[in-house]
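Just so it is clear, A, B, C, D, E and F label the chains in written order, and each chain counts residues from 1 on its own.
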Amino acid sequence: MIMKVKNEELDKVFRDFLTLKKLRRTGWQLRGIREGESIADHCFGVVFLTHFLSSLVSAKIDRSKAVSIAVVHEIGETRVGDIPYVTLKYFQNKDEMETMAIEDVLSPLGNDSAKESLSLFREFEDGSTIEGRFVKAIDKLEMLVTAAEYEKAGYSGLKDFWDNKSTFKNFEEFPELASFADYLLKNRSERLRGQL
Amino acid sequence: MIMKVKNEELDKVFRDFLTLKKLRRTGWQLRGIREGESIADHCFGVVFLTHFLSSLVSAKIDRSKAVSIAVVHEIGETRVGDIPYVTLKYFQNKDEMETMAIEDVLSPLGNDSAKESLSLFREFEDGSTIEGRFVKAIDKLEMLVTAAEYEKAGYSGLKDFWDNKSTFKNFEEFPELASFADYLLKNRSERLRGQL
Amino acid sequence: MIMKVKNEELDKVFRDFLTLKKLRRTGWQLRGIREGESIADHCFGVVFLTHFLSSLVSAKIDRSKAVSIAVVHEIGETRVGDIPYVTLKYFQNKDEMETMAIEDVLSPLGNDSAKESLSLFREFEDGSTIEGRFVKAIDKLEMLVTAAEYEKAGYSGLKDFWDNKSTFKNFEEFPELASFADYLLKNRSERLRGQL
Amino acid sequence: MIMKVKNEELDKVFRDFLTLKKLRRTGWQLRGIREGESIADHCFGVVFLTHFLSSLVSAKIDRSKAVSIAVVHEIGETRVGDIPYVTLKYFQNKDEMETMAIEDVLSPLGNDSAKESLSLFREFEDGSTIEGRFVKAIDKLEMLVTAAEYEKAGYSGLKDFWDNKSTFKNFEEFPELASFADYLLKNRSERLRGQL
Amino acid sequence: MIMKVKNEELDKVFRDFLTLKKLRRTGWQLRGIREGESIADHCFGVVFLTHFLSSLVSAKIDRSKAVSIAVVHEIGETRVGDIPYVTLKYFQNKDEMETMAIEDVLSPLGNDSAKESLSLFREFEDGSTIEGRFVKAIDKLEMLVTAAEYEKAGYSGLKDFWDNKSTFKNFEEFPELASFADYLLKNRSERLRGQL
Amino acid sequence: MIMKVKNEELDKVFRDFLTLKKLRRTGWQLRGIREGESIADHCFGVVFLTHFLSSLVSAKIDRSKAVSIAVVHEIGETRVGDIPYVTLKYFQNKDEMETMAIEDVLSPLGNDSAKESLSLFREFEDGSTIEGRFVKAIDKLEMLVTAAEYEKAGYSGLKDFWDNKSTFKNFEEFPELASFADYLLKNRSERLRGQL
């Protein structure tokens, strides 16, 4: 009755995972939110929204698969950290880096686990399946929901999150998410005007 | 092409969910870890471990269901907060409270969603299914993994987490988890002795 | 020359008391003020304002008694924590819980101390004496003073604190406090308009 | 029915008071406890212990007066801040500074209030009354209780707090406090040895 | 091949220096920015701006000397802390205190080092050289740059930093710094109006 | 009398620089020191130690040049962030990235400034001059000094910093730094044994 994986190996994976609780999302930090959310906070947000929204949209989403994608979509960051937007241009091989990192992190769990996770990550990154694209959209939606919350609390340097057209492109395939994003945008304008 | 749920309703659910990122786990705070993890940090830990461990244990676990239980198992805390251990004795109706809270939080998503989540929560709370008991065990295991990490970082008031017999009872049904918990315990003794 | 209470017992009371320094007020946290004040911060505010305002209002306030009420009014929270507003509806027995908690916390100090504190707490909770009602009003005033300070610093999700009619009801018996609360309200409107 | 003090004046006093919540005690910060307690946290501790211990010691303490001393004993710090130990040698006029600061802070409350507070502060500073010396002893005891708590949590640079003979001199007049301080010391040795 | 200074002495200087990382600037804290920058953060800002601006202004600045002044200009604060503006009036001997503190901090490095640093500090404090006055101006400019950043992030209690005429006087000798300060002021007005 | 650089350009450089205050060093965070120092804190440490140690070692160091290297040695991190050790293996082009980042950050200051800084950075990175190697050694020494301070405060997961042979290699050329590093190591062993 021994686990298929040694405790030592498991321990390595868990310690890597704990990194996601320790590192704060750089996007908020660079905008002056010093005690902002951790990467794990964000990950749970994506998992949570994926779980509940997958049955509320008209697109046919395999919830179980989508949630699995949500679980693994930031594992690369356990090794690479949360790379800020402004930094991306310096990376020639970000994609390759994250693939290597996921393999390294999960290899102690055995080949099957690492392979499945990599394949799920690729669906997310490449948008090759509807679930991959759905979680990508949720990833952005969760960011907007959080940005709105920070703005309600008084933080004000987050305009570029809302102005970023490429964020909203992800919602086009999912009209309900697009509608909710519009709702957030409209709410935001009213909130800003309400400060008058 | 309208979501089955109004944006206003969705917004309520998401704002409730964001509470889990804002509140820190009281167990660590009461032991002097002021900047400890959020409830959402812990939730992601439970989701993550459930996802990866469900196929590594010998017990037959429906991963999809188990992960769903992990996603919802703290939703009641969005309203009730993370009730410290020492406080539990003052609650005559904690169970009822959490049930009411989950219903309130999720009712905007419609009856089906609220019902499913409540039913999943009951499996966790009552231990009526193997998946419910598995996530309960993972809930404790994630706490120990985190406690070990805090101790490695230098925090030292966490002895009672390790001495609590009822924590370890949850692992009895899952020999691989019990084995890993033993591994953590052994590691801990060595670490403490190593400080000599 | 031995203290009437054993050191072990005293130690228990003090460790319980230290909880008030460790836990942050949930009201601010839920509105995104992550590094907000502790419960003890607030308690000292209520003690401070009670001490200085009791001789400045026209009502006849026994300062010594009022300050004693201020000292004990949150002792229940050492065990029960700072229950957020939204949570109160789930409590059938909040009153009873706090009474039990105060008894538990203070019992090591002996019957007299516990009894006096409970009786002072009841004056606060039930508003059965002018001092109890005065400290209740100060409890709210201190919250408004703190809310104003957070708003001056840039936090902005605190509108509902100011819109809560029941808060201001507590000032009716004390025209000077009502006048000062009006002053804070007027200042706030001017401040918000001044941002134009 | 107008307060004897203008709202504008009151507002000044309260804003000064809020400083005590914002500034952290430098003693802990210099020893690497970055998120340590605020000055207000400490003040409430002194008020709390004074309230409960005054009737437990054999010395005859006027509780009401002692608590009043505890309330005012750090008001000077609203203007002067928490001056670290190592800094004291550079002050030729610390005493005078704090007296001036208290007068400045409280003058808006009128002469009586400022005068009473200054007189209470002098009892504390000069040890001219039993209550003044009692609160001075409690001021130190509260620091030790807090130091013990930080050490239990894992912080370890606090040895000099315990080795400081002048701290313990304050307890000599109050055998029960001396006994409790001994209890803390003994506990500490056992705790340190227990780490072996 | 022994260092001219004993390791024990060096260690003292470095531990004093570390204080600058541990203490946060009080100016921001008093305005509700709880997790604001450390004194060392500010110091690096002054060093950085001095290094890069000294060759961009029309005044003839000895960069090497100016940077040295920037390095030492806050060493006194390792012992005296960051004295808030409101506190300065209580100091009869601030100047003398800082001189004593610098001497104490640097004396382990030997007479030459302490003497040079004191002399550089005096150039800064007395404005007796163009480099001293330049670093004084940069010291203020760095504060404004940081204030602007905090305001962009949402903090709003910083108006008096911008209204302080004496700050801007330091720029008069350096038209390029004055021009940049004007640019910051103009940007700020536009930003505030843009919130409409 | 116009600055050779436009205010808009200058503003870009300063905002990039401010990033160094906002981001915390990842090395400490990954070891559980959540509120650890910023990159700017570290930078000031390196500048400070370079300034004071350059005249205390027997090697002939051009202090002015060495301090300039210290000022610029982390500018690449304004864009690339503080890349954790474990991550380095995923970078094929870290060197190139930092060069590009420094060019981008400093280009608004004009060619001369960017060129000089790049050249200084290369001396640091390639160790092509004695000053470059000296600052590299100081960079490591500052890290050890800080690690020692965190350990004195109670943090305990920093063993690998002390065990890393490659760190100590940098001191070989500078016997006084090697001697001080030995002193820190010896102190550390005594401290750990002293906990017995």
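One rule holds in what follows: a contact is a pair of C-beta atoms (placed from the backbone, for glycine too) under 8 Å apart; a residue touches a chain by one contact, two chains touch by 3 or more.
All values reported here derive from a predicted model rather than from experimental measurement.
Trainee: Which other chains touch chain E while also touching chain F?
Mentor: A, D
Trainee: Going by residue numbers, if over half of the contact pairs line up, that's a repeat, so tell me which of E-F, D-E or B-C repeats A-B.
Mentor: When the contact pairs of A-B are compared with those in E-F, D-E or B-C, E-F matches.
Trainee: Between chain B and chain D, tell me the centre distance in angstrom, where each centre is the average of that chain's C-alpha atoms.
Mentor: 40
Trainee: Calculate how many whole Å lie between the centre of chain A and the centre of chain F, each centre taken as the average of the chain's C-alpha atoms.
Mentor: That gives a centre separation of 31 Å.
Trainee: Show the residues in chain B shared as contacts by 2 or more other chains, in ascending order.
Mentor: 32, 34-35, 149, 154-156, 195-196
Trainee: Going by the touch definition at the top, which pairs of chains touch each other?
Mentor: So the chains that touch one another pair up as A-B, A-C, A-E, A-F, B-C, B-D, B-F, C-D, C-E, D-E, D-F, E-F.
Trainee: Within the complex, which stretch of chain F touches chain B?
Mentor: 31-35, 154-157, 192, 195-196
Trainee: For a test of understanding, state which residues of chain B touch chain F in their complex under the given definition.
Mentor: 35, 149-150, 152-156, 195-196
Trainee: For the complex, give me every residue of chain A touching chain F.
Mentor: By the definition above, chain A touches chain F via 19, 22-23, 26, 29-30, 32, 34, 79-81, 83-84, 86-87, 90-93, 97, 100-101.
Trainee: So in the complex, which bits of chain B are touching chain A?
Mentor: That would be residues 1-5, 7-8, 10-11, 13-15, 17-18, 20-21, 37-38, 40-41, 43-45, 47-49, 51-52, 55-58, 63-64, 67-68, 71-72, 109, 112-113, 145-146, 149, 175-176, 179-180, 183-184, 187 of chain B.
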